[in-house]
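We just call them A, B, C, D, E and F in the order they show up, numbering each chain from 1.
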Amino acid sequence: MEGFSHLDKEGKAKMVDISEKAPTLRVAVASGTVRMKAETFRKIMGHEIAKGDVLGVSKIAGIMAAKKTSHLIPLCHPINITDVSITFIPLEEESRIEIQAEVKTLDRTGVEMEALTAVSVAALTIYDMCKAVDKEMEIEGIRLLKKSGGRSGTFERKQP
Amino acid sequence: MEGFSHLDKEGKAKMVDISEKAPTLRVAVASGTVRMKAETFRKIMGHEIAKGDVLGVSKIAGIMAAKKTSHLIPLCHPINITDVSITFIPLEEESRIEIQAEVKTLDRTGVEMEALTAVSVAALTIYDMCKAVDKEMEIEGIRLLKKSGGRSGTFERKQP
Amino acid sequence: MEGFSHLDKEGKAKMVDISEKAPTLRVAVASGTVRMKAETFRKIMGHEIAKGDVLGVSKIAGIMAAKKTSHLIPLCHPINITDVSITFIPLEEESRIEIQAEVKTLDRTGVEMEALTAVSVAALTIYDMCKAVDKEMEIEGIRLLKKSGGRSGTFERKQP
Amino acid sequence: MEGFSHLDKEGKAKMVDISEKAPTLRVAVASGTVRMKAETFRKIMGHEIAKGDVLGVSKIAGIMAAKKTSHLIPLCHPINITDVSITFIPLEEESRIEIQAEVKTLDRTGVEMEALTAVSVAALTIYDMCKAVDKEMEIEGIRLLKKSGGRSGTFERKQP
Amino acid sequence: MEGFSHLDKEGKAKMVDISEKAPTLRVAVASGTVRMKAETFRKIMGHEIAKGDVLGVSKIAGIMAAKKTSHLIPLCHPINITDVSITFIPLEEESRIEIQAEVKTLDRTGVEMEALTAVSVAALTIYDMCKAVDKEMEIEGIRLLKKSGGRSGTFERKQP
Amino acid sequence: MEGFSHLDKEGKAKMVDISEKAPTLRVAVASGTVRMKAETFRKIMGHEIAKGDVLGVSKIAGIMAAKKTSHLIPLCHPINITDVSITFIPLEEESRIEIQAEVKTLDRTGVEMEALTAVSVAALTIYDMCKAVDKEMEIEGIRLLKKSGGRSGTFERKQP
């Protein structure tokens, strides 16, 4: 049955065993932006979108999604996050809204995926609430900015 | 209590009532890409990532996420999707993997958010499986390519 | 094995078979109120609660909970709701906030439970966001106000 | 972009950072009651409801809901509860059933919301199982009775 | 990039597109059994298990699991089941409890997986509730007994 | 109200309070097999099933299900598993595929149910992916092989 051992070597899907890791404070910061028409940007800022307060809803969606990360990303460990904080940075000249998410936990593994998931779902929610007026909105630059805690030490993204 | 009527006018959060819409075949296609180091790209293609078959797992994560869309995006209607199909287009020269998702339903509302959610979670899963070797991977260009069915007719994105 | 047939007669847990029912427009309206200290009421109205915009978050929580009803109430059928709309009626003299939820579907069963669940979770969310300043808040009078569609006709609650 | 800083000050939605809190035994007790017609009360007690053993199903629904609290209440932290116990106190003269839920955890935040959610969903389940015979049932008096553990000390509700 | 087209041919994970199928009444019946020590069997029948009414809880777990099938089985379509009915057949001489689940829907695809999932989770719940007294319980013979509706016609298992 | 105290004694549904237990490394290993036609076995091994790479998808489904155990099994405690590892052992002569799942946690209760749930859902997924070619596949012998950690010590199943 060599086919199988081959499959096994390829891994197919393997969770990382974190049983031996120490629980420490782990923090991750991720960001992403939603690019839109200038008019859409003005409507979001001026609360003129019919579906409601866009950034308020986006923030909650991002927070709730962070808590569901291990049910979305197949090999993520379930962890109890101790904080999620989402900030919006409106970039008026470029008609873009930047989303930043910081997630914390005291556990055996990092929270990069939780921060990236929070940003992604917050961005998707902005798209959903504005798609009636702007179907060409685009989600860009979802990336990890920073990560600390754990054996591998602190990571800070060099390029912006 | 004028503060409240003001809140009401702003909407705060309002689902769109689709009770009067007709159930028709609705299709949406979305795409997005994951940009990475050339070495990471080669490892994914060559099945050398320790966590396992990256694109196989990413595809399943995307499909399963499409089915959870209405639990992630607050104002999305629950709908029964009849198909999700995810395709990967490896762009070797740019060390990028493009993800395309097509979603179908026979219902009263479109499936743009389902297609965009499938792409986003598939991309996040690629990040998760490769983050041990490349923390600077970036998710780019998540957007709606096409949408058909329903009263508003067919939408096709002009710029690529 | 008479114990068992007895169990069977008692039912233990029996979903109602709705396969033969016709899909029609079904609407349900439910309400409930949160009673609090006068000071808490003023803080909610004046957006002075540290955790954030209380009613905005409560509304989203109620909408999302309506979509999860069949996963919370064991014998509820999964249905695709076509609208959820939540309204807050501040009753300043009594320091109470009334929550009303209207839910619609085009399906084979009513949406009473969806409306009642939306009200309950919206109320719980108000409690959560204000519990740091008022642990004695109380959720009262969760009830069905109205229900239409389906074989059993229209129900309207007599007592208020 | 002052609109935004204003939004930020209002909070919009902010999880409380519990990273610095100590994990200790936390207990919360909540209660609520379902008021019904005398005949409905007798049917529940006598196991004559067609949908099945009402209180047995209600108890399980309450326990399972407690475990889902952080997915229902947007700003609740995910925590691993170590016990949920639900008790029914039938009040025959008033045709009411009182539900009490006690929840425990060893974590960095309290379990008030878990106990209140358990009571609410247990009550909604009683409504669901009996609504065919009594649509005017009403859920009343959902409140926190007691809470211990954590920095803020023990809380005990004065009024009953 | 032949590796990829190879992957594509292998399929990796492909949902079946059911958009063109007609919604009809579909029924599936599945069964499975839990084999245990004679003493465990007697305790379940006599309600002497400390964790509570074993079969009552098992039934609800099975019903709720049927509703979650599309979130558990990656390529299953989300469908709105119209009925789940679970029956227990105690086989005293063999110290086994047989579980039968019948599921119905009016949709574009069958409900075999829903019926099999209901049986499996009902069986796992019996294990959970009795594992303190009998860790060697074994779940056997989970299989599809019958299936009707849809293009492929009626299936009935020949061997018992 | 003797009916009630009787209900109480029967337990109806009682979570075990694990607040006083010590968090230690707990490991559980479970297994189960899927029996099929010889031709189905060959198709799975040769990657000829139209729905895709059967064992790759089954493995992910099993891992994701292990993380959902406390939402499937009513009285299970939510715990943060630190590892899930699933192995397939093809038994060509008998046309069976054995599934083994090992789950670990550092918590106050064991992970038997998580390992058994992983095996069950992995097996159901194999059924789902192959049911178009073999509806008579059967899931057999789901059982706990081994369990260590915690007050009750190590359990190892005697009969195979």
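By our rule, contacts are C-beta pairs under 8 Å (C-beta built on N, C-alpha and C of every residue); 3 or more make two chains touch, one makes a residue touch a chain.
In this text the structure is predicted, and so the values were computed from the model without any measurement.
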| task | Quickly list, by label, the chains bordering both chain E and chain F. | result | B, D
| task | Select the chain at the greatest separation from chain A, using centres from the mean of Cα atoms. | result | E
| Distance from chain D to chain A - Cα centre to Cα centre, in angstrom | 30
| field | Distance from chain E to chain A - Cα centre to Cα centre, in angstrom | value | 35
| said: If I count partner chains per residue in chain D, which residues reach a count of at least 2? | reply: 12-14, 16, 53, 56-57, 60-61, 64, 68, 71, 74-75, 80
| request: Throw together a list of every chain pair that touches. | output: A-B, A-C, A-D, A-F, B-C, B-E, B-F, C-D, C-E, D-E, D-F, E-F
| remark: Within their complex, chain A touches chain F through residues 1, 3-4, 7-8, 12-19, 70-71, 74-75, 77-80, 107-108
| For chain B, which residues count as touching chain E in their complex? | 25, 45-46, 55-56, 59-60, 63-64, 67-68, 80-88, 90, 92, 104-106
| request: Please give the residue numbers of chain B that touch chain F in the complex, ascending. | output: 53, 56-57, 60-61, 64
| query | Quick one: in the complex, what on chain B touches chain A? | reply | 10-14, 16, 32, 47, 49-53, 56-57, 60-61, 64-65, 68, 71-76, 112-113, 116-117, 120-121, 123-125, 127-129, 131, 135-144, 147, 155, 157-159
